[in-house]
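In order of appearance the chains are A, B and C, and numbering begins at 1 in each one.
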Amino acid sequence: MTAYKRVQQWNTFARVWHLYDATWQNPFESAQRIMKYLKGLHKPIYHPLNDCGDHVVVINSGEIALLGDEWRKRVYFHHTGYPGGATWTLAWELHDKDPTMIMKKAVYNVMDGNLQRRYTMQRLHIYPDDDVPEKIKQNITNQIRQLRPVPKRLDRYAPEEVQRFPKVMDWPKNYILR
Amino acid sequence: MVFTSLALFVRNRGPDEFWRKRKILKLSAHFYGRRRNCYSIAIRAVHRALVSATKGRKLKKEDMVALWETRITAGCEEHNMTYPLFREGLVRCNILLNRKTLADLAVWEPRTFKSLVKVAHARVSQDGLAGVTELGDPPSGIITRGMLK
Amino acid sequence: MILGALKLWQRYTCLSVAMCVPRQNVHLSCAKMIKEIHESQEGNVRIFQGVNILSPREPYLVKTDDSRGCCTICSLGLDVKHTDVLILSQFLRSDGCMLPRRVTGLCRNQQKRMSKMVAMAQKAGLMPNIAPPKSKMDPKRRYKWKKYNTYFDESTIKDVRSITSGKKGASTQM
């Protein structure tokens, strides 16, 4: 193996660290995309027996957005194993307790339940805000595109921007503003 | 085999029992435990194995197709393209490569694959198929057969 | 007599002026009276004029030349989402209430769509500044599940026409 080939081999199979900003993203749709990077499905060299998955660093998992009334309709079940040990936790209650848990479970559940799953999960790093340890931050070389555009609040726009935005409606001539 | 009388022919149990069993035991030679050497257990295991082999001939093809599709999809997404549109674009350009070839190109010849994606993209956006707008602007400098007309 | 009438009119205008004064600092579009009193002197005659003031939206208004008489949203073919707060806020009063159809000039269908989307945007906390004072429009100040980010699906808004036609169909069947 020449030196060139050896370097090519390293580069092909090197683990890349991806960043994903979960602000205003649906965790269950994001999980589909994150799972691809964790398992290496985004590489043409993919093979189920080929350990080519990457690392994904998810930030702002506390700022995820759910659809409609899902915060109080989605229920997480846990059983301690003892009689009467079943608990049902609503999504917002779980999010109160641990802002990374919904994201983690979403990714865990979209993966096949095989022996690789737990090792693949070890490559997922979730942080509730953008405060990432320096050691992890310096590995990151790529960012995964977000699924939904992050909506901008009206009070975050500059007043001139709001005023100059094209208007689709004007008040009638004698309308008194309130 | 030579039979001197009809009675002997009727009594006959066919070809030699040893060789008959031998054929089965050869197939079970790589099995584990008594399934390797005990004939009555081995024959059951061999039957099972042959059934699985029959099913597996089809499954293997399906698995390979799934793997190729995964790989081509991965290659397409590197260039911001979707798999269905990519195949449709190639077919419309009369580039009739199968999935195996495309997957091999994606792995071993990424630049060839990229140019194929460009050709497909140009063709697909020229024909205005659904979902083309999300792919972005078509690449420049690509001439497809449809453009020449 | 005329002077008295003028005074009356003036008082009315002042009243309307008082009503126009915005309670919020945010109503960025218009916070002015609709008429202004202009006073001028020509020889012996003093002239008081009530002049209509141009709406501040006038220069930014989108021109729609639609012969079918569609409403603006329909004729522009806009696919408005509930996150498009710059559009949705145009249909609102300063306290966050939806304006009626005679003011907005929308068709029945779009009026319903817009009011639903306004509700969506306010639930998602995207227009916290168009609201009554002390309301909890900022999601961070809300309780329980309401403090977390929520988004909505616009396809859940039903068409007005399809609802009425569906009802008609049901009644004929009965």
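By definition in this document, contacts are C-beta pairs under 8 Å (C-beta built on N, C-alpha and C of every residue); 3 or more make two chains touch, one makes a residue touch a chain.
Every value quoted in this text rests on a predicted model; they were computed, and no experiment measured them.
Q: What chains do chain A and chain C have as common neighbours?
A: none
Q: So which chain is farthest from chain B, going by the mean of the CA atoms in each chain?
A: Of all the other chains, the one whose centre lies farthest from chain B is C.
Q: If you average the C-alpha positions per chain, which one ends up nearest the average over all of them?
A: Given all protein C-alpha atoms shown, the central chain works out to be A.
Q: Need the CA-centroid distance for the pair chain A / chain B, whole Å please.
A: Here the centre of chain B sits 34 Å away from the centre of chain A.
Q: For chain B versus chain C, what separation do you get between their C-alpha means, in angstrom?
A: That gives a centre separation of 62 Å.
Q: Could you list, by residue number, the parts of chain C that touch chain A in their complex?
A: These residues of chain C touch chain A: 16, 19-20, 22, 26-32, 34, 52, 55-58, 60-62, 72-73, 76, 78, 83, 85-87, 89-91, 93-95, 102-106, 124-130, 144-145, 148-153, 156.
Q: In the complex, go through chain A and note every residue touching chain B.
A: 41-48
Q: For a test of understanding, state which residues of chain A touch chain C in their complex under the given definition.
A: Listed in rising order, the residues of chain A that touch chain C are 24, 26, 63-72, 90-92, 95, 148-149, 151-155, 157, 159, 162-178.
Q: Touching chain A in the complex: which residues of chain B?
A: Those residues of chain B that touch chain A are 67, 70-75, 77-78, 103, 106-107, 110, 113.
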